[in-house]
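Shared between the two complexes below is subunit A, which pairs with subunit B and subunit C, respectively.
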Partner chain A sequence: MTKNNNNKLKIGIYELTGCAGDALLILDCEKELVDIFQAADIQSFLMAKSDNIDGELDIALVEGSVSTEKEKKEILDIRKRAKTVVAIGICACFGGIQAAFLDEKEWEANFKEVYGNIKMKHTKPVQSKPIDEYIKVDYYLPGCPIDKEQFLSTLNRILRGNPPELYRFSVCVECKWNENDCLLNKDIPCLGPITRAGCGSICINHNLPCVGCWGPVEEANIASEFQLLREKGFDHDFIKKKMANFSGTGMADFFGKLKGEKG
Partner chain B sequence: MKKISVEHLARVEGSGGISATIDGKVVTNVKFVVNEGPRLVERLTLGKTPEEDVNIVPRICAICTISHKYAILRAMENALSVKVSSKVSLLRELMHMGEMIESHSLHIYYLALPDYVGFPSAIAMASKFDLEVRIALEMKEFGNHIMKTASGRYIHGENPVIGGFGKFPSDEELAWIKSRAIQFMPFVMKTVRLFCELDYPDCPEEDTVYACCNPDKNTYGFVGDEILLSTGKTIKKEDYKNLTNEFVVSHSYAKRSLYKGKPYSVGALARVNNLGDRLKGEARKMYQRYFNRRWKRNPLFNNAAQALELLYAFERIPSIVDKMLKLSDPPLVTYTKKDGRGTGIVEAPRGLLIHSYEISGGLVSYTDIITPTAQNAEDIERYCLIAAQKFLYRGEEDKIRDRMELVVRAYDPCISCSAHMAEVRNAPPEDWKVRLAKLKERNLPIFIGVGERDRSDDAVGIELALKLKKHGVKDVWLESEVREREVPWNKASHRPLVFLDAVDFREKSGKVILLPLHYIFSDSALSHRLLPFISNGMSYERLKNSFVLGIQPESIEEGRKISSPVRQALLKVLDQIIN
Partner chain C sequence: MRIIKLKKDNLFPFLEIISEEADLWAPVKKGDKHAFTIIDDLSKIELETTRTIIPPKKIFTPPTFSMFSISDKGYKEDFSHITKKILFGIHPCDIHGLLTLDSFFKQAYLDPYYLEARKNTLILGLSCWPDEYCFAKSTHTHVIEEGFDLFFTDLKDFFLVWIGSSQGDDLIRLKPELFDEGLKDQDIQTYINWQAERDNAYKWNIKFIALPDLMELKYRDPLWEKLGDACLACGSCSNVCPTCNCYNIMDKQFLGGKDGKIIRHWDACTLEEYSEVAGGENFRKKRSDRLKLWYTHKLQAYISKYGKPSCVGCGRCIATCPVDINVRTVGQALLGEKPDAFWARFNKEVTK
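Our next item is the complex of A and B:
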């Protein structure tokens, strides 16, 4: 990767529609933040500073889903300017909670319910989608919000020109490391088997089922989890909704197949 | 170190802005804009189980995540008739204190303080306030630590659930929190003195209505089952719509609220105004020392109120921990109810947060969430307008931008970003004739002549009204007639209301202006007579459709003679109205 004059990589941190939790978490890295700002040239970080520059970037970290026409343009512009684009957080990676409406008509009807027929003057809304619906994403750092340790290690590796090493296994692995009892064995609907690890199985550590807030793990056996929950007596629609709560778009393919099989 | 410029850590959630439009001598429009895209969160909750919604809803906002979690839990438990034990309530209170500490300390030190001590940023400020900046960051971290201990994560922790907690923190963890809270006390006291003694500018200063939760047993606190207004009125939480009356505006995806047609404010200042005399301990002493009437009228005092609340939180934590240590961990409360309706209200750091749900057959069928910034938006715009108009009137246009930012920041809004927050736009000046023609097009105006006949040019409003009557124009009133009868316009707010008056707007005598009524303030000469009309029973809708047609007087000395330029102007206006 090329380096700029002062020998530091140029980074931009951007927030699209979401709760700003990932940007906030970066700010919550209070002690490490100093190091980050020293190791890299932070060109744009709206939450932290005001003298932001929209120029060429080595790395763009993008949080949030694309929910307006303006954001569509913004993400295309970011892609043009940045050599590497990293989607951070569930909304940028898989659409987040706001992408749970899988059908565009359903989304439109819901939009009308909330805002009525008022015409928005400032920017046109669109159905919420993860950023890779519009641009090529180089790396994904999921989480709701992202995990501090994972964020720091990912950034560190990218800064040194290496690809990040993210967990490519499910929450169940971390859960075993933490020696928790399996909640599925107790007939509690836990999404751990299909959810990407990295949170440290935090919910199960607190005796609570995984809600799937980090999105689906690569090559997750969603069909098997679906079947398992069906066998435990959970309703078809309930399971489907539960799986779509945090990553509707990530589940869309599977639901498509499901529909096909049913029909 | 020099590279971190946290100077505009102005909250923070997505992008927002404030803009004022200036037309000659008049600020015609102030807009608090939220550019955050629509997420339709309320709709997302429908058809899901209460437990799923408890996971989803706090994702509205990373900054107030604990308050959202707390509000939905209170609402759901209310709907499902779940009663939790006192240890659960105490841990919830503790996590809420964590959020208050985190949010308030970040806001007052990193966001607000640089403005008042003349530094561009918190980092620049470190040269003079090194200790404060560093300890404030530790204080914020301590707030984060409490949130993580109680909820499981810094942000969006899932440990608080319907019926209690997945797991309680150990006694050691709780004891550590207590001792750490006590360690902070000297710095917290210093913080209160610092922020209560800041020199808050007196513009904008204007009355408003404050609303907050009314905690039980006449205590200070951040939860309750009813809403308390600064008017003394209380509203049951179920009847919250009597307060909020939400509506949508086309320049923002954040909804708005008006109480009885008027803007109101929520937040730390609202709480201290409404509940301050219930404070105890050191917080009470500080309240008695610093609270004064200006706190009731000036939104900038929200910074002082937040400092006072930090003291309240730090004093409260040891007693919460002491009580918790005496209790054993209760199991989750289970429930069987599948239908119900419930409302939960809590105070987010930036004000009253309302969640209301209906559950039918075990699934959520109705959701209504009203956030503090949505409630504050109208008052933010109003105070910015007051400030902008005052500066413009004094010929200090260059100060408008900064002051509007100061006001917006004081509210600690959750959907904004102070980088490029304020924008002052100059609109092309519009002639009064064009405006009048537009008004007439909209609907038949009602005219009210205002003034005193024996103060030379001040008689012009009355004279004009009399002439209009003579020409057979309908619905023309004199000021004196209005006072004697019931106000004639309240039922016709679709019809523009135009006051005719001599108005000193520092122009050449005989110059005519037509501007919205609420741009006339008490410090502009001759406007005092208009104030009763503004304040007495005028709804916000009515106010928005009310105007002043003003003529610049040459003199308002005693006498019966109207000066020649003013008389000429009178005839011009008369001609314009009749034709």
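Our next item is the complex of A and C:
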């Protein structure tokens, strides 16, 4: 990787469609903020500063999904300028809540119901999709929002030219480490087995079922989880909606309705 | 081994005294289950428990802990999680679990973290009563002859206390007047009756003696594919197993060239990443292959090496696996029975 005058890698932090929670989390690393700005040359970070430069980058951290034509152009431009693109947060990685649909038709019908026949002057809205629907993504850092410790260690590893080292198993593993009693065994619809770990099983620690906000784990056994919930008395649509809530596009891959491969 | 008597009312005064010597850990309520926890209030200790959600292995190798702290000057071993502990209320099956872990961690490469924690922890066992998941009688781990410093058998009105080590004896000597040396014939008869009743309370039995051969004979049985199709690969069977001991190591380096840590966390051969090697190749990509490995280890390989299964009959896998893949159902299936299990009903087309 090339280095700038200060011998620091150039970083841009971008927000597409989302709640800006991941950018906010980065700003919220109060104790480590000085370290971040010392370790890297932050060229663009709209939430944190006004003198942003949109030039060549070593690393682009992108939050949010692509939901307008304008954002489509923006993400293609970011890819062109950045050597490494990291999707941060559930929206960039899997589509987020705004992608909680499983096929194109459903989205168009919903759009009409909410906005009617209104003409959008600013930009044309499109179905919300994770950024890898449009560009090659080098690394994924899921979360809703991302976890502070994981973010710092991932950033650190990428700055040193190493790939991130994230948990690749499901929430259940961390959940057992925290010695929680399995909610599925109490007939509560928990998505722990199909959801990526990294959150520290925070919901289940508070006796709430996992809602899948970190997106599907690589080896998610959707069919088995599906049948398990069916046997517990939940109906087909309820389960599908629940699974698609945070990562409709990501889940659609599993359901075989949309094409696209996940890293 | 010396056996003495302790009045029920004297247990907590005794625990109070010994808790001044080291951190006292015992089972307390967690939801409607139990968990070993450091005790700051004796009244929270639960005496009549079955299994804790995860076994006491967590006290010797916590789910995650720092092995080394690193800096530009080198690295330093980190034993900060190891403190002097007294573990009270551990059942015979879990003591057997620790003895099995000893055999793993004392092989060619001694594990300093486990062994140091072992050395610093006194084991105060407690008798228990089986529930519908326990099958420790099948693995002959419902009785215990070694591996404890003191063992308390609860006979309703009093405890019989086995003194298993000189360190256990030292604890008794802190307040010997709480104990009664003279056992009456009646006390012994009470124990004999209790033992017979307890042995009869096991609701089911599994023929472990047949399983090593059956693992071999049924190694290519379609059963394994069925299990693999239904398995959620959540790793819970390994995490709750008292004898599973695999771990992974991760670097945690802080930003700006500052210090870091080497973190060790529980891992499981039932997880996909476990058998992945450099270049992304994976020797056991299929869940069925991973389950086969897990059960080979529990029901066959350990038996050939040590003459007993590395299953201690605690029933945690039965209580935990949401899709009924556990030693009972897999054992039954290997023995040619048709267990009423989720995986036997599972249909891959369910999402359509």
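Quick note on the criterion: the second predicted complex is superposed on the first by the 255 of 263 C-alpha atoms of A that agree within 3 Å, B and C clash if a C-alpha of one lies under 4 Å from a C-alpha of the other, contacts with A are read in each partner's own complex, and residues count from 1 in each chain.
FYI, a residue touches a chain if its C-beta (ideal position, glycine included) is under 8 Å from a C-beta of that chain, and two chains touch if they have at least 3 such contacts.
What you see is a predicted model, and the numbers here were worked out from it, not measured in a lab.
Between subunit B and subunit C, whom does A:97 touch in the aligned arrangement: first, second, both, or neither?
Only subunit B; A:97 stays clear of subunit C.
After superposition on the shared chain, which partner residues are touched by A:38: those of subunit B (first), subunit C (second), both, or neither?
Both partners, subunit B and subunit C.
Does the superposition put A:70 against subunit B (first), subunit C (second), both, or neither?
The first partner, subunit B, only.
Going by the contact rule set out at the top, does A:203 touch subunit B (first), subunit C (second), both, or neither?
first
Identify the partner contact of A:30: answer first if only subunit B is touched, second if only subunit C is, both if each is, neither if none is.
After superposing on A, A:30 lies in contact with subunit B but is clear of subunit C.
When the two structures are overlaid on chain A, which partner does A:15 contact: first (subunit B), second (subunit C), both, or neither?
A:15: touches subunit B, not subunit C.
Could you figure out whether subunit B or subunit C reaches more residues of subunit A?
Counting contacted residues of subunit A, the larger count belongs to B.
Where on subunit A do the contacts with subunit B and the contacts with subunit C coincide?
38, 207
For the complex, give me every residue of subunit C touching subunit A.
30-33, 35, 52-54, 58, 63-64, 229-236, 239-240, 250-256, 258, 265-266, 268, 271-273, 287, 319-320, 322-323, 342, 345-351
Where on subunit A does subunit C make contact in their complex?
Subunit A residues touching subunit C: 32, 35-36, 38-39, 152-153, 155-157, 159-160, 165, 168-170, 172-173, 176-182, 184-185, 192-194, 207, 218-219, 221-228, 230-231, 240, 255.
Name, in rising order, each residue of subunit A that touches subunit B in their complex.
For this pair, the touching residues of subunit A are 15-25, 27-28, 30, 33-34, 37-38, 42, 46-52, 65-68, 70-71, 96-98, 100-101, 107, 110-111, 113-116, 118-123, 125, 128, 144-145, 148, 199, 202-203, 205-208, 211, 213, 238, 241-242, 245-246.
Which residues of subunit B touch subunit A in the complex?
Counting only subunit B, the residues touching subunit A are 1, 3-9, 12-15, 33, 35-44, 47-49, 52, 55-56, 59-63, 65, 137, 140-141, 144, 152-159, 161, 165-167, 248-253, 417-420.
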